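Both complexes below contain chain A, partnered by chain B and then by chain C.
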Partner chain A sequence: MTSTSTALADAKDRGRQARKHRSLPYLPYLLPSVVLFACVIALPFCMNVFTSFNDWSGVGPMKWAGLANYRRLMHDSEFWASIWHSAALVAAMAVLPTIIGLVLAAALFDVIAKRFGPRVASILRACIYLPQVLPIVVAAIVWGWILDPQYGALNALLRAAGLGFLAHDFLGDPKTALLTVMAILVWFQLGYPVVIFMAALQRVDPALAEAAEIDGASWRQRLWRVTVPQIRPEIYVVLLTCTVASLRAFAWIYALTSGGPGTATQVPSYYSYISFFTNLDVGYGSAIATVLTLIIIVVAAVFLGAQRRHQAMAD
Partner chain B sequence: MRRTRSTALLMAALAAATAGLAACGSSGGSSGGSSASGSKVLKIWWYESPGSAYQIAWDQAVTDFKRQHPGVTVQFSLKSFNQMQQNASMILNSSDVPDVMEYNKGDATTGLLSKQGLLTDLTAQATKYGWDKKLSPDLQVTARYSPKGVMGSGDWYGVSDYAEYLTVYYNKTMFAKYHIAVPTTFAQFTAAMADFVKDGVTPLANAGNDYMAMQYLYELELGKATPQDVQNYQRYTGPVNFHDAAWTGAAATFQSWVKQGYIAKDSVGLTATQAGNDFQTGKNPMMVSGSWWAGTFQSAIKNFQWGSFLWPGNTLNAGSGGNLFVVPKNAADKQLAYEFINDTLQPDVEAKLADNGAVPISASTSGVTNPQGMQLIQNFQTLANSNGLAYYPDWPTPSFYNTLLAQTQDLMNGASADQVLGTLQSTYDQYVNSLG
Partner chain C sequence: MRGRGRGLSAYVTLLALVAISLLILIPFAFVLINAVKPAAQYSAHGPLSLPDGFDTSGIRTFWNTTDFGRALWNSAVISGSVCVLAVLLSILNAYALGIGRIRGRTWLLGAFLIANFLPQEGLVYPLYYLAKRVGLYDTRLSVVIIFTVIQAAFGTYLLSSVLGTFPRELLEAARMDGAGRFRILWRIVVPISRPTLGVLLVFFFIWTWNEFFLPLVFLVSNSNQTVPVALGTLQGQHIMNPLTTSGAVLLAIVPTVVFFLIFQRTLTRGITVGAVK
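Right after this comes the complex of A and B.
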C-alpha cells in the first residue's frame, strides 16, 4: 500500500515537473505581451483606480478624497441615466444584431445561396458588412447630415413621399434621440454577426439539418433546434465582443449627439471623457472609468462562465 | 533557478519598457531656446484658423519680429482649439513647450493654469512694455488672475491684442424686404421678431448643441442683471441666485421665444457652424453671436447686405478681451516671447485686425475700409465706454459649458425652467464651494 502510494506520489511529482518543464520554454514568447499588458493596461488601470480616490484637476498635487467620488457617483442622476442608456446600447449593438444577424445569416446560407447561388449571397453579405469598414466618425457625421432636421435627406424624403407628418428632429428630441442612435448602431453592427455566423454555418454538418428536414422540421425549427446549438460558441463570442463594444461606445455619441439633447444620450464613457478633459474633474472621471471597467469585467466573466458551462454540458 | 531567471527577465523587460515610456514622456526637451546650429529659436503656437483676422494680424507680428531679430528662427505650429483646451495642462507640465502660445481666457482655462504654476507671471513685463496702459481696465480683467486663479485681480498671466463681444448680425436685405426697422429697444426687438414670424420667417439663427443657445439665455439675463450680479457670478464676490428675477425671467423668455417660433425648436441639435450657415444663406435674418464671426461673414456673404447692432436695451453685454498670449513656465526663451507679445500690440498689427473684421484693443477705426468692420468697432466703443462687458456665461466653472449646453437644450425641449435653474445652481455652488 505504502509503496503504491509512494509510486503514485512520484508519478504525480514527475507529471508536475514535466508540465513545468514543458511550459517554461514558452515563457519568453509570452513576455512581450505581458510587458505590453502591464504597461498599456494594468499600470494605467491601477493609476486610474488610485486617481479615482483623489480630487484632482489633472495637473498639480492630488488631494486625497477617499470614497467621495464614488459616493457622488451613487447620487449622480446623470451617471445612472448614462448606465441605462448603456443598457439600451447593449440591446442595439449586441442583442438585436445577434438575433437579426442569426436570421439573416441562416437566410443567406440556406435560402439565398441555394436559390440564387453563393455569389449573390456573398455580395449581400458584403453589403451588410460594409458599415463595419467605415470609420465610425465618418459614418456618424454622414448620419448627422441625413438626420439634419432642416436640410437632412431623411426628412426631405419623407416630405417628398407625402409623409411630412413623420418628419422630425430625430436627434434633437429627447424622446427619439436614443432610439435613433440605437437604430444607427443596429445598422452599423449587423454585418459583424452575419459574417461570423455565416462562417460558423459552414462547419455545421448538413446531414443534421437534412435529417431534421426529413423528419418534418420547419426551417424555423431547424434553425432553432439544430443550427443554433451547433454554432453556440460563435454566438457567445459575438455577444461578448458586441456587449463589451457597446459598453465602451464613445465615438458614435461624441460625433452624433455629444450626449444630448440634455443628457438624453449620455453614456458612461462619454461622461468620463467630459469629466476628464472638459470639466477637469479627473478624480471623478477616473471613478466613472473604474466603475465602467468593473462592469465590463463582470459582464465578460458572466459570458465566459456561461460559455464554459454550456461547453462542459455539451462535452 | 529557471523560474528565478524568468522572473528576473520579466522584471528587466518591464523596467526597460517603463524606462522607455518615461524617456518618451520626457524626450524632446530641447524646447525652443536654440537650435542644433546654435541660432536662437522662438516657438509660437496658436489655434486661429488660416484666413481669420487673427491669423492675418499675427502673421504681421511674426514678420515684424523677424525683421527686428534677424538671427532668430521662428517656429510656428498651428494647433486646434480642442487640442489646446483638452491637453494644455499636460503639455505645459512637460518640458516640450512653446515659448509663447495662444490660450483661452477665463478662470477655467488661463486661471487654472496660472493657479497650477504653469504660466509665467508677466506683471513686470506689463509695466516695462506699457501693456498695462494699452489694455483698458475692462480688458485687463481677463489678463490678470489671483493666486486662486480667479480673473480680475492679481498678476498678469496673459495679454490679448483684441477684444470680442456678442452682437446681433442682421440681414439688411431681408429687413428691407419685410419692411422691418432695425430695433433699438428690447420691445422693438421682440416686435421685429414677431413680424418676421408672421411672414413665415424664423428670425434668429441658433445652435442648441453649441455655445449659441446659452448666449441667448445670458443676454436675456443681462437685460435685468446689475454689474454687481455679473461680478458675483463671474468672480464669486457674492452669492448667486439662479432663481432671482433676472435668471427666471431669462429662462421664461427664452422658452417663450422657442414656443413663439423666434428660435426654431429643431435647432436644438445644431452646431454653431450650422447656425452660421443658416444666417449666411438667408434662412434666418438675425444671428446673435460673437464678433469673431464678422471676418467670416465679410468674406463669405456676397448676395445680401448685412450689418450688426448691439443687443437692444442692454447696458451689459457678453464680451471681454480676446484670447491671450501666455508664456509657459518652462519656456526656453522668455525674453523673445515677451518681445513677440509686444509686437502683437503694435499699430500695424492692430490695423490688420481692424481691417479684417476683428476688434483691436485700441478700438481704433483708423484705416478700416469696410463699413461692417467700422460698425463692429464703434459698437465695441459704446460698450467699453459704458463698462458694459459682462464676459461669457460658461466661464465661472470648468463644467459650466457642458451644463449650460445640456440645460438650454432641455429648456428648448420644454423642461421646467425651475428644474433647469436648479441644476445650474447646484453645479455652480458645488464648484464655488470646492474653491474653499
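Right after this comes the complex of A and C.
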C-alpha cells in the first residue's frame, strides 16, 4: 500500500518535472501579452485604485485624501440613486430579456419551426435580433428622435391613433425617463438570448420533453422543468454577459439622457465619466469607477461560482 | 411533426410572434421613411407620412458636416487592425496556455478572464493620462492598442479551451518529423483552428466597430473619429434636425446590417461557440 502510493507520488513528481521542462519553451509566446497587459490593464487598474485615495483635478500634484472620496460616496445621494438605476437597468437588460427570450425561443423552436417550417422561425428570429447589430449610440439616437416631444414619431403616432392624451415627453419627465430607458433596453437586448437559447435547444435531446409530454406535462411545465435545466449553461452565460453590459450602460445614457433630467437616469458609469472629464474631480471619479469595478467582479465571481457548482452537481 | 396539424394555438403563437417582430422593426421603418423625405413634407405632415419624393439632402448634409467618409475609413482601419492583431495575440497566448500547458496556466487564464470583465470606466482615466504622456492621445493607434488587448483577453480565454482539446497525435507526429514549435503553430495548429479563428475575427471586428466609450475619450479631433463617435458627438451638440438625424442613422446602420448579412452564418455559429465556453 505504502509502496504503491510512494511510487504513484514519484511518477506524479516525475510527470510534473517533465511537464515543467516541456512547457518552458512556450514562455516566449506569452511575452508580448505580458508586456501589453501590464501597460494597458494592470498598470491603469492600479493607478485608478491609487487615484481614488487622492484629491486630484488631473493636473498638478495629487493630494493624499485617504478614504475621504469613499466617505463622500456613502453620503452622496446622486451616487446611491445611480446604483438603484443600475439595478433597474439590470432588470431591463438581463432579467427581462432572459425570461422573455426563453419563452420566445421555446415558442419559435417548438411551435413555429415544427408547424410552419424552420424558414419562418429563422426569419422571425432575424427580425428580433436586428437591433443587436446596431452600434448602441445609433440605436440611442434613433430612440431619442422617435421620443422627441416636438417632432418625434411616437407622439405623432399616439395623436394619429386618437390617444393624444398619452402623448408625453417620455425622456424629459423624471417620472417616466428611467422606465422609458428600460423599455428601450428590452427592445435592444431581446434578440441576444433568443438566438443563444434557440441554438441551445438544438443541442438538447428532445426525448425528455417528449416523455414529459406523454406524461401529460403542460407546455409551461415542460419549459420550466425540462428545458430550462437542460440549457442552464447558456442561461448563465446570457445572464452574466447581459448583467455586466447593463452595469456599464454608458453609451445609452450618454446619447439618450445624459443622466437626466436632473439625476433621474444617472448611472455609475456615466457619473464617473462626468467626474473625470467635466467636473475635473478625478479622485472622486476614480472612487466611483473602483466601486463599479468591484461590483462587476463580484457579480462575475458569483455567476461563475454558481455555474461551477451546478456543473459539479450535474456531473 | 409538421404533419401533426397546426391548430388554433399554433396560429395564435405565430400571430403573437409576428406582432412582436413588427413592433421591434418599427423604429427601422421610421428611419427608412424619413431618411429620404423632403424637408417641406416633414414640417407639414410630420414623421408618419410616407415620403412623396426621394430627397437625399438630409443624408448629404450629414455626410458633409461630419466628413462621414472619413469616419467610415477610421472605423474600418481601427476595427480591421484590432481584429487581426487581437487574433494573433490570442493565438500566441492560447498556444502557450492550451497546448504548452504552462505552469500556473489556471491563474493566467483567470487573469485573462478578469481582464475581460474589468469595466473600461476603471481604466479610462489612467489610460488617458498615460496616452497623453507618451504622445498617443488623439491617435487611432492608441485605440488600436487598447482594444487589441481587451479583445485578446476574451480571445485567449476562448481559444485556450478550444486548443486544450487539440489532437495530441497530430502534434507528436509533427514533432517526429522534426518540426519546431513555431512551425507546428503556423503549419498545423492555425490551419486546423481556422473556423474558430474566423469567428473571433468577425466578433472582434464588429465589437470594435460598435465601441463608443474609449473612442469617445481618445479620439477628439474630427479627422480621427469613428462612426459611433461622430454620431454621438453630433447628438451631444444638439444641432441635428430630424431629417439629418434619420439620414445619419441610415448611413450608420448600413455598414452594420451589411456585416450582419455577410457574416450571419459565421455569427450564428459563433454565438453558439461563445455560449458554451
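FYI, the second predicted complex is superposed on the first by the 282 of 315 C-alpha atoms of A that agree within 3 Å, B and C clash if a C-alpha of one lies under 4 Å from a C-alpha of the other, contacts with A are read in each partner's own complex, and residues count from 1 in each chain.
By definition in this document, contacts are C-beta pairs under 8 Å (C-beta built on N, C-alpha and C of every residue); 3 or more make two chains touch, one makes a residue touch a chain.
None of the values given here were measured: they were computed from a predicted structure.
> A:114 in the overlay: touching chain B, chain C, both, or neither? Say first, second, both or neither.
Touch status of A:114: second partner only.
> According to the stated criteria, A:97 is in contact with first (chain B), second (chain C), both, or neither; which is it?
neither
> Determine, under the contact definition given at the top, whether A:193 touches first (chain B), second (chain C), both, or neither.
In the superposition, A:193 touches no partner, neither chain B nor chain C.
> Looking only at chain A, is it chain B or chain C that touches more of its residues?
When the residues of chain A touched by each partner are counted, C comes out ahead.
> After the superposition on A, what does A:124 contact: first (chain B), second (chain C), both or neither?
Touch partner of A:124: chain C, not chain B.
> Which partner does A:171 reach: the first (chain B), the second (chain C), both, or neither?
first
> Regarding the shared-chain residue A:35, is it in contact with chain B (first), chain C (second), both, or neither?
In the superposition, A:35 contacts chain B only.
> Which partner does A:136 reach: the first (chain B), the second (chain C), both, or neither?
second
> A:45 in the overlay: touching chain B, chain C, both, or neither? Say first, second, both or neither.
second
> Tell me which partner A:156 touches in the superposition: chain B (first), chain C (second), both or neither.
In the superposition, A:156 contacts chain C only.
> If I apply the document's touch criterion, which positions on chain A are contacted by chain B in one structure and by chain C in the other?
27, 36, 39, 43, 58, 148, 258, 277
> Note which residues of chain A are touching chain C in the complex, please.
Listed in rising order, the residues of chain A that touch chain C are 19-20, 22-23, 25-27, 29-30, 32-33, 36-37, 39-41, 43-45, 47-48, 51, 58, 104, 107-108, 111-112, 114-117, 120, 124, 126-128, 130-131, 133-138, 140-146, 148, 151-153, 156-157, 160, 187, 190-191, 195-196, 199-200, 233-234, 237-238, 244, 247-248, 250-251, 254-255, 258, 268-269, 272-273, 276-277, 282, 285-286, 288-290, 292-293, 296-297, 300.
> Please output the residues of chain A touching chain B within their complex, sorted ascending.
24, 27-28, 31, 34-36, 38-39, 43, 55, 57-60, 148-150, 169, 171-174, 257-263, 274, 277-281
> In the complex formed with chain A, which residues of chain B make contact?
Of all residues in chain B, those touching chain A are 2-3, 6, 9-10, 13-14, 17-18, 21, 85-86, 89-90, 92-93, 108, 112, 115-118, 208-209, 264-270, 274, 278, 283, 398-399, 401-402, 405-407, 409-410, 412-413, 415, 434.
> Across the complex, what residues on chain C touch chain A?
Touch list, chain C to chain A: 1-2, 4, 6-7, 9-10, 13-14, 16-18, 20-22, 24-25, 27-28, 30-31, 34, 42, 46-48, 89, 92-93, 95-97, 99-103, 108, 111, 114-115, 117-130, 145-146, 148-150, 152-153, 156, 181, 185, 206, 209-210, 212-213, 216-217, 227-229, 231-232, 235-236, 242, 245-246, 248-249, 252-253, 256-257, 259-260, 264, 268, 271-272, 274-277.
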